[in-house]
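Labels run A, B and C following the written order; every chain starts at residue 1.
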Amino acid sequence: MRRRVIGAVSGIATTMFLAGCATNAPQDTWKPKGPNAKIIDNLQKPVFAVAGIIGVIVTAVVITAVIKFRDKGQPIPHQSHGNPALEITLTIIPALILTVVGVFTFRTVFDLAKTSDTEMIINVTGQQWWWEYDYPVQNEYGITQPIITSGQLVIPAGTKVLLRETSRDVIHSYWIPALNGKRDAVPGRVHLNRIEADKPGIYAGQCTEFCGLSHANMRMEAIALSKADFAKWVANQLKPYTSPAENTLAKEGEAVFMNQCTRCHQVNGMKRADGTPVIAAPDENIVSGAAPNLSHLMSRNTFAGATFDLLNKTCRKEVWGADSESFGAKYLSGVSEDCLNQTDLRGWLRNAPGMKPMYSNPALLASTGGKYRGMPNLGLTESDIEKLVAYLLTLK
Amino acid sequence: MFSTGSKYFFGISFLGAISFAIYMFLIGESAIGATALLGLVVATGLLTALTLTTRDGAKDEDGVAASTAAPTGSIWPLIAAVGATLLLVGTITSPVVTLFGIVALLAALIEWTVLSWSERASSDVSYNASLRKRLLNPIEFPVLAAVGLGVVIFSFSRITLAVNKSVGATAFIVLGSLVLASGVLFSIRPNLKRGLVTAICVIGAVGIVAAGIAGAGAGVREELVLAQEEGHYVHQECGAEKSEYFDKLPLGGVSASASVAAHIDLVDGKLIATVQGIAGEQQSITVPRSNPTNIVFRNKSDGEYRLVANLGSKMVTDGVKEDVVQCTQLIPQGSDQMLTLNIPKPAVAGKPFTLTVPGLAGQSIEVIVP
Amino acid sequence: MAIIERSITSTEALVSATPSSSLGALKRPVATTGWKSWLFTVDHKKLGIMYSATALFFFIVGGIEAVLIRLQLAAPNGKVLNADLYNQMFTMHATTMVFLFVMPMAAGLANYFIPLQIGARDVAFPRINAFSFWALLFGGIFLNLSWFLGGAADGGWFMYAPNSGPIFSPSHGIDFWILGLQLAGIASLAGAVNLITTVLNMRAPGMKLMRMPIFTWMQLVVQFLLLFAVPVITVALFLLSFQRNFGATFFDVSAGADPLLWQHLFWIFGHPEVYILILPSFGIISEVLPVFSRKPLFGYPFVVFSGAAIGFVGWGVWAHHMFASGLGPVSVAVFSISTMAIAVPTGVKIVNWTMTIWGGKLQFTVAMKFAVGLIVLFTIGGLSGVTHSVAPSDTQQTDTYYIVAHFHYVLFGGAVFGLFSGFYYWWPKVFGKLLNEKLGTWNFWMMVIGMNMTFGPMHILGLQGQPRRMYQWTEARAGEGFFNLAFWNRFASIGSLVLTTGVLLFLINVVITARNGKVAPLDPWDARSLEWMTSNPPKEHNFDSIPTVSHLDEFFHRKYEEDANGQMVKVKTAEQIMKELEDNADAHIHMPSPSYWPIVLAAGLPVIAFGVIYSIPIAIFGGVIVLFGAYGWAIEPSTAPDDDFDPPATTKDVVHVG
């Protein structure tokens, strides 16, 4: 009975495990898509195999003992206190196995820490509950002035990118499983994490250090583009701001935006009627001191810490499902009015904390000196929302 | 043992204390209520003491004859008198003196009460003495030990404040070794004469207290006085004059070993930035907005220099703008200083944020805030 | 303090030396029945039962929290709990299970069985023992009061700074958490000192350290770990407390601090803590396996020394919790290697258990089933542990469900299975009745199946990229196909209900046994160690006469001898051995008297804690209670006077032992 149960259970478990691995999860740690993740994968697969074999052996020995030596009326065994030779052998064998694993681990740790061959640098800053990316000036990629974006990290494929991670408030962790292991972003410190994608595509990730209320909603994606496509992306990001044409809904939206949103959100190049630049002051309103820069918002696919899609279901499927050749063009086309995920964007503008839990209850702001953590409910009217959506769609 | 009356008053006193605590917690506003309750506690406390001492006025209790032995000499009347005097003197001199008076009076009250209570506990004098010890030693020993240690520690602090820094350290080491040596002596010679052990301890304690009094008389060392006059405790790094007292080993801190975003080196009159994770020398550093970022300035040139971060200007009041600058201390060759930048906004076009060194023209590192 | 015994001056029959009345505040309480006998007891057995009952209660609380977590995660975008409540739930689930279930349960068993196993009549400091228990109970209640006073702690049991700071967690939850743990820490420290002294000083004549039962050995290692680990977390909690309540800046970056300081402090405590949780269970099954295999523990010295080695090396591996924290490659590599090193002594234990049952005469009682279950389940947990001792691989796995799976195999499959093995094994000793074996078998299988259904799929979830501590998961990241992450999440949630049923069966078993359980024979399992050489349940003074020990497994060797053919044959029954002890009974055994003061002193502590959070005068009031308790403790007579005893003592000689 016992034997059959154990057999059945282990059989089912093995089958399930193997079948379970056949799915196509976007954050699968066993499907590396870049050299760094592959280095890790090459190390961990043999370790898993060895651990698995040892596990099977131990279980088999225990089950054998359970069956073979169950009380069948045999005499009480000799009261032997052990067998030191056997004991020492069985100590040395695992020690040896671990030594071999240790040597390879040692090498891999230092391989992964190498940064001397970096080809591109991006500063990554975490805050509750989104990621900011800042591309310092790197003329070889056409980045002639700093680019600031958020949520989706755009990198050229086949390029060794070094992420310099830090945080503005609590500890976060940057993790794109297909490209590399995770690395914490710690306030006050700069941590290095290198990533490289073999092919163009979209690689999902998630903040993995518990960072407060909306930790579950702090996501990110890495977008790898071919070098040519990346140059196009850079050029688009550096495109100067154009105010919407007069007497359009979008122009009215710009006014609403200037009135309501620029306290925290920067749109580069935006000017007031008198010609002075509009500079956001998130440090006065938000604990972390930053809010996503919304210049070229519609060149991204997601918003609110990559929690929500800017693309509706159909268009999203096209981008996520694209093969590596056609991916670049699809991503670069950005978000058009037809593709816009109206429900979530409008819902967000209507009541942001209702969609993503954030500490924006005014009653709880005493300890922060009145500063919010995350976007509060702005109490916008439906017509304001209509105008804002029209305006945001112009931020290509 | 305890008379009915004393239990009654103690009960009231205890309940009063609890109501006082609850009252303070729940209401806590009214001083009158608090005073009234505290008054109740104190009054019934005194009554408890009184009834305890007199055993509710009963001559004997349960057939136990009170000791007829003459009372032994006691120091507590004297201390009570001194306490009362101090209390009065304090009202015209300093509240501290009053405090001492109150403490002495309280101590005398408790000791006296228990003493007189115990002397009439039974007819057996030695039993009565042991009863007194049983009740009071658990209070006396910790209090005396705390006071004694406090006096020694305070005296020692006066010594170290008065003498030179290195002398102070030496004294500490010597004294520590002496204590350790005596400890070792006592442990390897457990049969040492009690008098000798006491003598060693007393001489040590008296020595320290005497030196402490001398130290207090001499006042704190000049260096500290100077530092205080100079306003050591307010940071004036950007002032024209040179500070003498500041943290000269800023990189010794826990965080500085790991949390440095960039190093700014002054090498042969040139300002060079090295940024973590970026190969080669840089002429600019990137600091994310609203993010405390540590940078380290290392002076590797002959002469004394400081690093100044020019971070634009901010509106102080309407229409009045003030330059935002942050400076390190003026440091000689081979020293370093840490600066924590926290910049809320990007620079205005055409007026970039920079790191410069006063006295060196043409050398600057741009601080980019995206 | 300590144990007080009359000198043995007469050979008269055993005299019960229980005080019968009490007089006034300076006397000690004397009740032997009723609630007073529990409230003021200093008897290690009563305290052991109270510890375990408390732990069991918090096990249920933590279990309810766990089930709520699984219900929330059963479907995408779960709506059972909101984000805030979910964060509190997983924080408190871990805290409760670690600090209020496994630790007190192990402490309870240690309290009950260490004196019995080493042939002592009580622990070294009976009143401190009582104080430890009350401090723990009040700490646990205090911690959980936060649920009703504005929400529990929401920073995770690891409480990483700066997320635990006043800005990021403005409610009082974390304050309650800090102070509750401080109280539990006081309890652990006092308990550790007590048990170490007991084990080192109060063993029966002839019981050398290497003849000590293995459970006592493992507990000794645990107490040393506690003695050194608890002060570290105490310091860390003080820093956090000052940061939250008094404006200190220990973890404030803009004041020049480094938030990683907290992580180091926490894990220097946190890693030894893992061994504090698991070693008692290792000890339990090292007792259970030999008994039901009819063989001594294979390689006793190896098990002892590997336990001690785990205790030592456990201090050098803390940073493996921080492989992704950015420590730099040198630290990471070194801690990776040291973590692998600790797998070796752990492996030794598994080898020894396996070799113990190999060649034995195995009886599958429920206790034995749980013990064998532990070997297999803990091996799985241990091996998944080895996979993430490989630091690069850990950067993919840490903070995912893979880790959740790992430590639940270690702590549920290991620690909890060991404790359940102990319940079934020792129940007749403590309560004199046998737990129902049939129901127990159901209990075991439901728990095995439930635990594998719950935690097994988490390996897959983690490796396929589902992070921990997320109040919701979305289908967007769940992958495709039938066996996608949604399936496994649902599967695990169903498993958690099976597991709950298993635990409920245990509780039902307890109730049924209490009502009409089988009365246990004197030696129901044909056991091997000293705790079985007395009645069920043991008398208040444990042993009528202290046995002289000449073997490891003393009890077994008194019962069995080798005959001419080298066969083990029974030469004496347990009843005969008991009779021998009774015949040589010590006259007038004087046990420590109960005391009012431990509970008074302990009651002051949560009052101070409330005061720290709400208002300083309350803290002062609590301090007064503590001082009052300490004063009462100091002046109370070391034992009830002779007149309190019935019948009155025949001699005035009182000998202080230990």
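Keep this in mind: a contact is a pair of C-beta atoms (placed from the backbone, for glycine too) under 8 Å apart; a residue touches a chain by one contact, two chains touch by 3 or more.
Model, not experiment: these values are computed from the prediction.
**Student:** Find the most central chain, measuring centrality by the gap between its CA centroid and the centroid of all protein CA atoms shown.
**Tutor:** Measuring from the global C-alpha mean, the nearest chain centre belongs to C.
**Student:** Contact counts by the stated rule: is the higher one at A-C or A-B?
**Tutor:** The greater number of contacts lies at A-C.
**Student:** Measure off the straight-line distance from the CA centroid of subunit A to the CA centroid of subunit C, and report it in whole Å.
**Tutor:** Distance between chain centres: 39 Å.
**Student:** Taking each chain's centre as the mean position of its Cα atoms, how many Å separate subunit A from subunit B?
**Tutor:** The mean C-alpha positions of subunit A and subunit B differ by 47 Å.
**Student:** Multi-chain contacts only, two chains or more: what residues does subunit C have there?
**Tutor:** Residues 253, 257-258, 260, 328.
**Student:** Two-or-more-chain contact residues of subunit B, please, as numbers and ranges.
**Tutor:** Those would be 255, 258-259, 292, 294.
**Student:** Hunt down the residues of subunit A that sit against at least two other chains at once, touch-wise.
**Tutor:** Each of 187-189, 192 in subunit A touches at least two other chains.
**Student:** Okay, in this complex, where on subunit B does subunit A touch?
**Tutor:** Per the stated touch rule, the residues are 255, 258-259, 261, 276-279, 284, 286, 288-294, 344-346, 349, 368, 370.
**Student:** Any idea which subunit C residues touch subunit B in the complex?
**Tutor:** The touching residues are 23-26, 253-254, 256-258, 260-261, 328, 614-615, 617-618, 621, 624, 630-631, 634-635.
**Student:** Quick check: in the complex, which residue numbers of subunit A touch subunit B?
**Tutor:** 115-116, 118, 121, 123, 125, 132, 134, 136-137, 146-148, 162, 164, 166-168, 187-190, 192, 277, 279, 281-284, 288-290
**Student:** Applying the document's contact rule, which stretches of subunit A touch subunit C when the two form their complex?
**Tutor:** My answer: residues 5, 9, 13, 16-17, 19-30, 37, 39-40, 43-44, 47-48, 51-52, 54-55, 58-59, 61-62, 65-66, 69-71, 74-84, 86-87, 90-91, 94-95, 98, 101-102, 105-106, 108-110, 112-113, 128, 165, 169-171, 173, 175, 177, 180-184, 186-189, 191-192, 204, 206-217, 219, 287, 357, 359, 364, 366-368, 373.
**Student:** Spell out the part of subunit B that touches subunit C in their complex, as residue ranges.
**Tutor:** 1-2, 17, 21, 24-25, 28, 134-135, 137-139, 253-256, 258-259, 292, 294, 338, 340, 342
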